[in-house]
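Look for chain A in each of the two complexes below; its partner is chain B in the first and chain C in the second.
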Partner chain A sequence: MVTCPGCALLCDDIEVVVENNRIKETRNTCRRGAARMKGCVNRLAPSVAQKPDDIENAIKKAAAILQNAKSPMLFGWSNSTCEAQLEGIQLAKKMSAIMDDTSSFCQGLLIERILQKKFRTCTLDDIRNKADVLVYWGSDAQDSQPRHLSRFSYFPRGELRQRGYEEDRIAIAIDVRESNTAKICKGHFYRIPPKGDREFILALMDALSGKVPAYEPKKMLELAAILKKAEFGAIFVGLGLTYSIKDDFDILIPLADKLPNFNIMPMVGHYNMRGFNEALFKETGFVNRVKFDGKAIHDSRYSIVEALRKSIDALLVVGSDPLSSLPRSVIPHLANIPVICIDPCVTLTSKIAAVTIPCAVSGVETGGSTVRMDGKRVELSKCIESNYLNDKEILARLMEAL
Partner chain B sequence: MVTVMELYRLLPGTNCKKCGESTCMAFAVALLSRKKNIPECIPILLENFKKQKEKLELLLLPSAGAEETGMIIHPELCTGCGNCVVACPVDVANDPRGAAVGCAPTNDKVIFKVKDGKVVALNIKECRRFGKNRVLCYACIDPCPAGAIEFV
Partner chain C sequence: MGIDVGKYLKSPEYEIKITTYRDIFQAEALECDRFGAEYMKHSACLVMSKNDMVKMGLKTGNRVKLANNYGSVVVEVRESKRDEPGGIAFMVNSPWSNALVSDETGGKGIPEFKNITARISLVKDEATTLESLMGSFRK
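Now for the complex of A and B:
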């Protein structure tokens, strides 16, 4: 049994058939996981100034770029092992660098509050064993974490849920579109207008307090009645909800307080985003957007989007592709500073990078620790041999070279 | 998905009853549900129906890949989510510690497994739609948002 690094469910019941040091077949992974485990479409090669070079030179050149920078930034981290993340944090401290990860424009707000214990939460195993009411809110788990419903939330039988999903569990979807998850939730799909989450939350709180809500009173009262009856509920908070209420995120806290039998679960995409958030939180008290300067300073100026616009003069990217995931408006800034890219695969970002350093594929060519979306630690395995350094080793070499 | 009408239009349309059905339409229904095979319509074997016969064979071809229960899996639609693996009552009964609780199947008695990210069907004769006490089970079709499983 090995672990799939395809998403933050980190399914650890995977079998692989290895032939000639290649993964020939995966068993039990979803399609996304199978693609991930079978490797990159195009493997990254070491390069300096857009010309092929050897890995030693690439590391040397990367160290020189970082050393010459007045305000370097280290970004990525959600596709790296915990070991590499810790090494990265040490590197950031040593260089007084700015550090941010993909949670900055993803689930950072929610994970921070979970680590601050502002929400009740539980493990995915608790959900499988006990949950009777599931709310997928702004989350299309079926597409983003394909085995979520089958492994943990809706379909499996659990200790207190022995009779199967039709009798034992109620699945509810709240979303702006009828996603694949919403299709499964059939009779319990609540469609909301874009950015309508705030209004929905306020109306639901009214309904839970026995007031007649202003918004869709009949549906809200019906939903409130289902939620109140829950013995063990879970709200899966997806990116859709987090984005929609990001300016007033704490509005979720009084709602959670009104639902004492419910737990909040952050729906994380990248396999070790939570790992990075936990590591940085432990070190600094913040989950992302920090600058190390003797102590750690947290500010929205240090988010990747803001930092690219203003302050930084070199960017180290580890296991991420900001060029394809960030808003267009910051892309010209990316092109104006030296970018160092550590990744197993060719990405849009690697194509513009001043230095590229290929690394081993975590969970396939190298092992390491990771943190599942619910905070459980899961080990990745090494399935095949490889000559590539892993990202932790590369970061350690960079540290030495500085 | 082939319809009865498509099949019917290709039959001789004489309602001669040689196939054992009372009308060509009834025979078309029987063809679709795999209770009858094309050669049981004696007239269609004649040379002048050659084209129609070939077309019929072509139409029924995709389901020739179907198991006797009539199950067809469309691998190109399947996302490997495993909902069917966990929801199928046969899998639940035959693998209480694996498929039933959401984990990878622990034995070979289950109907569904996922390989390379796509579902494959084994032990299809165990399916509740098959055999003497068959029931019209939808437990693998309903949980599949991709529409990757169908019965013909």
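Now for the complex of A and C:
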């Protein structure tokens, strides 16, 4: 059995069939996990100034770029092992660099509060064994973490939930769109307008307090009744909810306080985003957006989006594709600074990078530690041999070259 | 042969709200080949309710231009297989949807990935390719 690096569920029940040092077949994976483990068609090659080069030169050139930069930024990290993340933090400290990861525009707001213990939380194993009411809020797990319902939440026969979804569990979806997850939550789908989550939360808090809510009173009272009866509930917070209440995120705290039997779970996409958040939090007290300058300074101007627009003069990207995942309007800023890209595959970002450095695929060609979406540490295995350096080794060499 | 008058007439333009979502088939295609046809098929696409499509005179397979102050893309329209009430259309999160997202975040660092307003109009152009989205940023 090996662990899948496809998403932050880090499913550890995967079987792989290896033939001629390639993964020919995977068993128990979802579509995304299988595709990740079988590998991309376009492997990245080392290059300098858009011309093929050897890896030693690429690392040397990358070090020179970082050394010459007055305000370098190190970004990515959610698809790197914990070991590489720690190396990256040391590199950022050494260079007095800005450091951010994809949680900056993903689930960072929630993970920070979970690590600060502002919410009750639990493990996915607790959910499998005990949970009777599951709320997917702005989260389409069926498409983003496809084995969430089958391994951990709705369908398994957990210790205290032997009758599974047929009798022992209720799944609820609150979403703008009738997602594939909402389809499963038959009869318990609450459709809200875009940006309607705040109003929904306020109405639900009224209903939980015995007041008649101003918004959809009948449905809200019905939902409140279900939630109040829960013995062990979980609210799975997806990006739909996080983005909708990003300007007033702490509104979730009084709601959680009104639901003492519920736990809050961040629905994380990238397999080790939480690992990075925990490592940086341990080092600095913040989960993302820091500048190392003697001490760690945390500010939203050190978020990737704001930093790209304003303050950085070199960017190291590790295991991420900001050109693909950020607004296109921010991208011209990338064209004005040297970009160094460390990735197993050709990405949009690698296509404009001044230096590209290929690395091994974690969980396939190299092992390492990771942190699941619920905070449990999970080890990745090495399934096949590879000549590629892993990202920790590349970062260590960069550190040496500096 | 008659003159195709239609090609000289500008298609009506409507305002549309778009939210983004994730799709496992697109995620699979991304892992395999983000420059491939399969990834584009799942990404360069706008899913609309039947009501909105009728109102705007659109059919599945039509191509539409989506434009706002931040960018524009041409994507294919598909009718939602869900019972959508309308008033909002859907795109899988991708460089195509991100072309319509502002980098202005009010200093907060989180763009409005899921809250897009754009003008929509029927066009005959081909869907925007990743190459052309990238084009102007190549060094």
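Convention: the second predicted complex is superposed on the first by the 402 of 402 C-alpha atoms of A that agree within 3 Å, B and C clash if a C-alpha of one lies under 4 Å from a C-alpha of the other, contacts with A are read in each partner's own complex, and residues count from 1 in each chain.
Just so we're on the same page, a residue touches a chain if its C-beta (ideal position, glycine included) is under 8 Å from a C-beta of that chain, and two chains touch if they have at least 3 such contacts.
What you are looking at is a predicted structure, and each value in this text was computed from that prediction instead of being measured.
Engineer: Chain A superposed: clash or fit between chain B and chain C?
Structural biologist: fit
Engineer: Under the stated touch criterion, which partner chain does A:F155 make contact with: chain B (first), chain C (second), both, or neither?
Structural biologist: Once the two structures are laid over each other on A, A:F155 reaches chain B alone.
Engineer: Quick one: is A:N42 in contact with chain B, with chain C, with both, or with neither? Answer first, second, both or neither.
Structural biologist: Only chain C is touched by A:N42; chain B is not.
Engineer: More residues of chain A are touched by which chain, chain B or chain C?
Structural biologist: Touching more of chain A: C.
Engineer: Considering only the touch criterion stated at the top, classify A:Q142 as touching first (chain B), second (chain C), both, or neither.
Structural biologist: Touch status of A:Q142: both partners.
Engineer: Is A:H270 touching anything from chain B or chain C once the two structures are fitted on A? First, second, both or neither.
Structural biologist: neither
Engineer: Tell me the contact category for A:P194 with respect to chain B and chain C: first, second, both or neither.
Structural biologist: Only chain C; A:P194 stays clear of chain B.
Engineer: If you stack the two complexes on chain A, which partner ends up touching A:C30: first (chain B), second (chain C), both, or neither?
Structural biologist: The answer is both, since A:C30 touches chain B and chain C.
Engineer: In the superposition described above, what is the shortest C-alpha distance between chain B and chain C in Å? Please give a whole number.
Structural biologist: Result, nearest C-alpha distance in the overlay: 7 Å.
Engineer: Per the definitions at the top, what is the overlap between the chain A residues touching chain B and those touching chain C?
Structural biologist: Residues common to the chain A contacts of chain C and of chain B are 30-32, 34-35, 142-143, 146, listed in rising order.
Engineer: Help me check something: in the complex, which residues belonging to chain B touch chain A?
Structural biologist: Interface residues on the chain B side: 78-83, 85-87, 92, 100-105, 113-118, 143, 145-146.
Engineer: Mind listing the chain A positions that touch chain C in their complex?
Structural biologist: 6, 30-32, 34-36, 38, 40-42, 50, 104-105, 109, 140, 142-144, 146, 176-179, 191, 193-195, 239-240, 243-244, 246-247, 269, 289, 300-301, 303-306, 308-309, 321, 323-332, 334-335, 345-348, 351-352, 354
Engineer: For the complex, give me every residue of chain C touching chain A.
Structural biologist: Chain C residues touching chain A: 17, 19, 21-25, 27-29, 31-36, 70-71, 82-85, 88, 90, 93-95, 98-99, 101-103, 105, 107-115, 130, 133-134, 136-139.
Engineer: Show me the residue ranges of chain A that touch chain B in the complex, using the header's touch definition.
Structural biologist: On the chain A side, the touching residues are 1, 13-15, 25-35, 128, 142-143, 146-147, 149-152, 155-158, 164-165, 180-181, 183-184.
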